[in-house]
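In order of appearance the chains are A, B, C and D, and numbering begins at 1 in each one.
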């Protein structure tokens, strides 16, 4: 933890424990998110990555531990209060509002009047498709378009931190590429805490990572170190995944 | 595109069936009975809609079946009728209510300071409880020796004895100010204590920013001003209102009923429903109990009698108007519609229903609040994650639903007997309407209400014509519901789960 | 050869609105094998599972069990034929005791389901069977606990127990280790292999833990975006570059 | 509230141990009229003894009705707002047959065994068979609707079906049969069970009826089928995967609940020799609901306690609070829903282990086996 200055962390999750009903989902998760870069949460299905994001936001408030955002303790606060401090959330499964049009979806995310008009150019620059679909109801969008809308929605107000949950899930390769570019561009403007299963995508985007396994944060560090650490990948991210370099080599030989 | 085409075909077929049924009825019944029955169907439909609109809105967002909706409809009628016949009761109670609300509304002002208070968790637990208890005691003391029943009696007497000649004949004295002055003060104190308790002093996980203090102060200051005003006008206002032109008095009645419904709904949601959201089945039971309590309370205040509300002058003059202009000029009680004599007040009820529908449609499609409601129906958590206080939206929607029921009540006031059980039947029809239309859909409620109204009206017509009992007409709505549900289990405009 | 096939799906397709979750999948499950289905998130594994167990009706295609078509059979009839399944989300009877959870499943195939006026506790055979199974899934000593009071891992074991009590020939495991900590997994794997191999049963397994899949399954089918990407023995799958890419994310083009 | 299976079969007499409080209560109730008779000196069939027997009869019958409702809502997890249809259906079937068919039959035919005239007995038997048949049919009707509809839609449809039944008995078209709004009054009831002449008989019959129904329902709840119904409440999808057809078991729950409700209705009809539309109305269902909630859903003793409380409250609250007593009752009900959601028995049972634990600790302290 000595590789960076603590005061630079926009978000500090300190040993949180979260229960959903009877289930003890998080059993001690600690994450640090340094300002101005992308941090990724890794881990297999059901490890507690999504719950970590929800706990930050207050949708599943943690029972123990601290969440410090921008120097302020926010654990136990209602989700709308937390969001209004400047945290944007892109949930998994593209929870856009299907009964609302694209425009309404975006307008709904305004925290102050005019938020959308101020940021419209940037949003349409990132996702030009949305401009074309502006008046369409949400349930007429394709999966990829819905995912773009979900991300765009988090960009309407000026957020200091974005929580993005599996933006690549179920997307076609070309769309994943587009989403990656968008997120990379976003990271110039704000800090991002990303949950991503697609390891290649995660490894290309993120500067730091935290691995969550069985509701505990078990490892963290710089992404470039993880990419070269076969054993760690093997242990936590599922079996015989080879690193990118080896894959590339494989690909070459097949050619 | 296949399902789209199938849907269009279905709509086409059903429109054909609808046109066929209408044409068949027209041919069978003949022109005049057909128009007359249609008009009464529209009137009924409008009433059903006014009950169902609130129900469906509340159900859509919160999954709450409100069994007290009929009772709230009835309360709206009573409040409007009170103001119209003898507002002594309303103005007598108003200072108390306003003073109490002023106190409660101070919550958001004092909360930011109180939660920063450094006290031990023992005190954090104890203080709110003590405050609630003290608030209750002070509240009781404030009403001690206050003869509410006598105050309520004034309207009863007025309703049974006053004639059109002298509206002030039965106006009765209120408690003199020298006896009354301390009551609002105590209630203000009681409200402040509740505010103190609900702002959870010393609890660090609570959240309230210190800025925006100015905007938070507006509401309590306005309410405080209104409280002072209501104390001053306590005795003169009833006289002023009774001397007013009847039409304007009726307009004010409607406003009062809506305002009362809104306030009452908000209070019920905050105090009774909110703690039960985690156990939604118990909300149904709670509202059942609430409807009990409301009905009994009304009977306690105004005796279990049926009152007839005098129609406003615009609808009161005997005689038939040939057209709309003539009606508005003369205030005739009936009007000629395509050769059928029809009471003007019923026309007004139809209008009220349509206006309400337009209002809801505009609210839902054009405003930010409507957007929030439509989004909240699908995913309240995500709405909250966008930074919107969903709890407050829930309160607002419930209050709005109750306000609409209250509006329905006062709208029905002048042509239904005003009695404690008047809401029950409409609640049942409201439920059926909501189920037919699809729970949560206001368009469905609108269509369903008029479908039911028509069914009921034509049921009545056939019952009369074929000398069957009126029970057949009553059953017609149930039959329509069963048919609709057999064809579309999720209702006409409902979405499949 | 055909007698060797226990379950067969032909051209199964399932679409939700516009989204095709399972796209023209044909799969054959041979008797007495442990057949694993793997694939990245959203590949359609759970949907395929739901089609096989009858929770969802397919948009197109047929399912055959022991050579007979069962596409339109409701789940409870499939259960009588001998198809049992577990759920990804723990899906037990929370307010009943562990014993009762298993006992009910044991009772399902018996002929005493409509005896209204006999005490359930008088039917010793079901209780005996339940006790036996509780022992197999190593929940002994917790019979009288309410199911909701169990720890998560124990709930998963109970889930296995419920399925086992139905006496199935074909077992469908939907991520049996989801949400379990690493220390608990080996025990569960033991239980599962024990159940399958000792009972001469057939099993289909959807699982994320690759190490587990590789070590216990006979055949592996890899799904991606609703289709079957590859099928073969663990060794073949491990060395299949396409699979690697599917699992790591479909950024193949960019890498080239 | 789980049924913990007991491996060892208890000896017959030991089974009563769990029920000893109820056994004592039963004995007390059995002795009640005679004791009252001794104390007050008024005859068994008049004065205050007769009055209190009447009160208890209503309690017994309503307790069975409430229990049958609990069978649906508490054990089956089915929220029906039309349960009064079964109760009223039983009452009307009984009253209609006794009013329009039985006198004719008895007038025309005599059935003798030796010199013993059992005509009335046979008539009653036939009428009760009809009651059973009708209530089963009503149960089937209601359960048929549950196949297609779920949740609030289903609840609303049961409400509507109940209302349809209510409208039917109120319809003036059948006035000469059903008496429309007024209902049927002064229904013919054989002398030996006539509540005005032989109240003690009907008292004992209702008491036995309650006890038998309680035992049968308790047995049903613990039977293989009952266990399936309870599990169905917990998790219908999983039941399907195990191999049960939930629709079938829901139907069984509906039919058996309707069966008991119908019998209770018929008995109620004997008790006040009438059948009125109120018995079919939603108010009656709501009463059963309130009783069940008060006592505790999912327990059989709960509804009995709830019925007792209701009966007591409606007696005493009137004298205490006057005609507006339901106001107090309504407030009480809201408080219970808010703060005792599992009802009296339910809350007690949840806490019982704590109580037990407390007692054990106390005993340990007293016996000084443990230093604390």
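Quick notes on this structure:
Here is the rule we go by: contacts are C-beta pairs under 8 Å (C-beta built on N, C-alpha and C of every residue); 3 or more make two chains touch, one makes a residue touch a chain.
Just so we're clear, the structure is a prediction, and the values are computed from it rather than from any experiment.
Centrality annotation: B (chain centre taken as mean Cα position, compared with the mean over all protein Cα atoms).
The centroid of the Cα atoms in chain A and the matching centroid in chain C are 31 Å apart.
Chain geometry summary: the mean Cα position of chain B and that of chain C are 52 Å apart. Rounded to whole angstrom, the centroid-to-centroid distance between chain B and chain D, based on C-alpha atoms, equals 37 Å. For the pair chain A and chain B, the distance between mean C-alpha positions equals 44 Å. Across the assembly, chain D contributes no residue that touches 2 or more other chains.
Arrangement of the chains shown, judged by which pairs touch: one closed cycle in which each chain has exactly two touching partners. By the definition given earlier, chain contacts exist for A-B, A-C, B-D, C-D.
On the chain B side of its complex with chain D, the touching residues are 59, 63, 65, 272, 275-276, 279, 281-282, 284-286, 288-290, 292-293, 296-297, 299-300, 428, 431-432, 434-435, 439, 468-472, 474-475, 478-479, 481-482, 485-486, 489-491, 497. In the complex of the two chains, the chain C residues touching chain D come out as 53, 55, 74-77, 79-80, 84-85, 87, 91-97, 99-100, 103-105, 107-109, 112-123, 127, 131, 143-144, 146, 162, 165-166. Residues of chain D touching chain B in their complex: 79, 148-150, 152-153, 155-157, 159-161, 163-164, 167-168, 170-173, 180, 286, 289-290, 293, 324, 326-327, 329-331, 333-334, 337-338, 341. Contact residues of chain A toward chain C in the complex are 22-25, 44-46, 142-143, 166, 168-170, 172-173, 176-177, 197-201, 213-215, 238-242, 244, 247-248, 250-251, 254.
Residues 204-207, 368, 371-372, 374-375, 377-379, 381-391 of chain B touch chain A in their complex.
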